[in-house]
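As structure tokens, here come the structures.
In what follows, chain A forms one complex with chain B and a second complex with chain C.
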Partner chain A sequence: MTSARPIVIETRGLGKIFSIDRAPIIALQDISFTVQEGGFVSLVGPSGCGKSTLLQMLAGLVPSTAGQVLVDGLILREPAPDKISVMFQDATLLPWKRVAENIEFPLEIGGMNAADRRDRAAAMLSLVGLTEFAARYPHELSGGMRQRISIARALAPDPRILLMDEPFGALDEQTRIKMGHELLRIWSRTGKTIFFITHSLTEALFLSDVVLVMSHRPGKIVDVIVAGLPRPRTYDIIGSAEFGAARNRIWKLISQDDDTDASEGMASL
Partner chain B sequence: MTRRRIILIVIILGSWEAVCRFNIVVPLLLASPSEIIGALIQSWPEYLVALRFTVAEIAVALAVAWSLGIVTGTAAGMIPFLGAAIGPILVSLFAVPLITWYPLFMVWFGIGMTSKIVYAVVSGFFPIAINTMNGVRGLDHRYFLFGQAIGCSRRQVIFRILLPMAMPSIVSGLRIGTALIVIAVIVAEMLASLGGIGYVISYYRSIYATPHVYLGILFALACALLANWGLGILERRFMHWRELQIGDR
Partner chain C sequence: MKPLIVLIQASVVVLLIGAWELCDRVGAFDPSILPAPSAVAVALWSLLHSTVFIDDASDTIVRVISAFVIGAPIALATGFLMGENITVGRSLSPVFNLVLAVPQSIFLPIFALVLGLGFTEKLIFGITHVFFVVAISAMAAVSEVPHGQVVLARSFGAGKFRIYRSIYLPAMAPQIMTGLRLGLIFDIVGILLAEMYASRSGLGVLLLRWGEAYDVDKLMAATVLISVATIFVNEIMRIWEGRVGRWRHALEDR
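Showing the complex of A and B:
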């Protein structure tokens, strides 16, 4: 962790209050953290704790009710497609477009000309190793391949930040591990700043420099884990003592939170 | 395949003709193929005029019902408040036998083409609007977010992402709506009108000219086939990927 790298994403006292049937629900409260340039930060937490909402706020898709999101020191008020790309759990590829056309789509929206788009899509396909599938339709590909296309599409506009919302959550264990390796390879080659949401503690620790641990209702950052595991990472690291210790620490934080959640549930009954 | 089909058609037409020739069925009930062809030769200009009448009504009704239905359905599907407000109304109005309104439409819009068009639009609108609404509503919210994240304008989100995504559902609405529109126009013409295929059928029935009635039915069938053919072109244009998907399974 070199602290000299500039800060790309910063949140200051970020909060979100929903109102359901006029009853306010505090979804997120006082979320403050920073992400350094080229960093890989994961966010873990129980399901329904507001992880996705937080990511959508970082993308400028959802307004906050308190605090601010700063990207490169500027307050983010709307999506910034030239700087930030978002990836979802489902690949959200457009089924009527071929793979290459899907990768070109954000570029087309961004106003890039056809020739440049084609070159860019070809480069991205080769980056994710799926060049020979350029003319296929998404439904002809496996789930893992679709997610790789989704990564290629997200990287096509050359954003500096990649926000990923449980991108491998729907994949089987084996594919998931492969995708993790693949993502690390792409990350080290492109130097993007990645903010990664997952519910898998192993995945979070394996991939990232920093793991943010979030609690449920209100969604708060309860701990920031810097495991300091060496890179490049291999699968062996998961068996190491440091890895296990860090994993246990996060598990304790999250399961504690589950207990309080259960008692809250009882109280409201 | 085609050869077998031709043989089958020849057999059916042949036995139909035979049944009529040997007076097995009263001529008033069933006209023979040769009589129907005779009727066509005898008065084809009259049918051509009627066909133009009917096709014009169908074409206008289709254009209006498709656009109104898709616009209403999209709005109701996208805006939860609007969907909650008009969704149930659409569904319950679709369940009403709309033919009961036709006498009223005649009083309002006269005996000419307008009343047929209005009645047909009302018949076709509901399934189109309902299917479009359900299609748009059922889309994964993340497609909407994805569109916004890559910098799409609201217009681009609708036309480049949401509507194409909802196309399978919209097209099935169009299928039902189009069939209902063809039926509505011809039924309305049969009830009270100044011209059209339905009018011709109704007129010849009243003077017991059975071959002409059958000929009219064939023309009505032609209208339905024509509408279906147009729909087929549209479907192929927008749905090729869908067919691939189904063929794949």
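Showing the complex of A and C:
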């Protein structure tokens, strides 16, 4: 792990308090971490600990009530589509647009002309290996294909940072593993910085360099795990001793937190 | 398969009309109350060549279209506000639901009292018929807009106007089309009712007059004509509705 790479995302004392019916709820408290250029960082934690809120704050979609998000050293106050793309669990493809048009959508918002948009969409489709589905509608594709289209769409504006909110959470185990490999392939080809939220400790360790572990009520970063597993990653790595040790460590951190949520976490292992 | 079904459907209609004609010919129906289809056809032909009928028909059409053109945009705007703004929605939707429960026809005498029997009374009565159903459907359409897609568009840097155009409009279009179609049918109902209640011109007046004068051939002919015209309008809008919402049906079929 070389630490010479520049820092692209930094949070400083980030906090979020929701006031619902005058009773303030501390969703996130004192979140401070950094992500290096080209890094793959995962965030794990029990459900409802504020992972998604944190991601939306990193995307500039939700304002923080304390602290700051810095991207390239600049305070982020609103979405920065030239630098950051977001991908959600449900693919949120527009059902009335064809696959290629969906990939073009962020480019259309960015004001790119139609010819360039088409070329870019074609290139992205070939990157995710779905060129022959360009003229299909999202409902004609499987869940895994829709997520690949969603990745293609997120990459279309050529952002440097990809924020992914449980992108494979709704997929079956087999598709999920395939999508993990697919994502690593795309990551190594494009060199993007990826911030990845997941329920699955295995998925987090398998994909990333760094795993941030969150607790809930209030949502805090309780540990930063750098497992130092070799790349390229193969499925065999999951059976290795160092993988198991790292996973156990995260598991202990999370399960201390809350019994009900811990059992939920177990199910997604 | 499909042409066969159409053929069967057509023959059912032809058979019914034939049976009706036969009943009149053999004297089973009283032609002064239920005239034969052939007699109705003759009356229909002469109606289409009568300037009086055409004048009355165009009065009705102008009233229907005016009420729609004025009522629908106001209703869409109101419904949209009700859907988008929680305060507006919460304060107006109970009122709308109460109003919808009351048969609007009972207000007709009050409308006539306040506004007289001219164009304005019929126009406003027509507008009230368009308004509520279109506004309610526009409000429901706003709630169909998927929040995730709005957030996604924002993350790509979309502003409010772009989100309305690229997410709201296509997501809302199918339901709005349904609302507009129903609004137009209610509009026709309202205008004809107002004309039948009290009016100096219009198809409603003719229907009432011919009914009271036992001019049954003409009454039947006009009834058939209005039915065919409204079915035609409804079908055209339904086809359009289907086009706009094609992606939606595909989702439901999955």
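We take it that the second predicted complex is superposed on the first by the 258 of 269 C-alpha atoms of A that agree within 3 Å, B and C clash if a C-alpha of one lies under 4 Å from a C-alpha of the other, contacts with A are read in each partner's own complex, and residues count from 1 in each chain.
Everything that follows uses one rule, which is that a contact is a pair of C-beta atoms (placed from the backbone, for glycine too) under 8 Å apart; a residue touches a chain by one contact, two chains touch by 3 or more.
Note that this is a predicted model, so its numbers are computed, not measured.
Overlap between chain B and chain C is detected when the two structures are superposed via chain A.
When the shared chain is aligned, chain B and chain C each come close enough to touch A:85.
Looking at the shared chain after the overlay, A:224 reaches neither chain B nor chain C.
When the two structures are aligned on the shared chain, A:245 is found in touch with neither chain B nor chain C. On chain A, the surface touched by chain B in one complex and the surface touched by chain C in the other have residues 56, 59, 61, 79, 81-82, 84-86, 88, 90, 92, 94-96, 105-106, 109-110, 137, 139-140, 157 in common.
Partner chain A is touched in their complex by these residues of chain B: 140, 142-143, 145-146, 148-152, 156, 160-161, 164-165, 167, 238, 240-242, 244-245, 248. Taken together, the chain A residues at the contact with chain B in this complex read 56, 59, 61, 79, 81-82, 84-86, 88-90, 92, 94-96, 105-106, 109-110, 137, 139-140, 157. Residues of chain A touching chain C in their complex: 56, 59-61, 79-82, 84-86, 88, 90, 92, 94-96, 105-106, 108-110, 137, 139-140, 157.
Here chain C touches chain A in the complex through residues 146, 148-149, 151-158, 162, 166-167, 170-171, 247-248, 250-251, 254, going by the rule given at the top.
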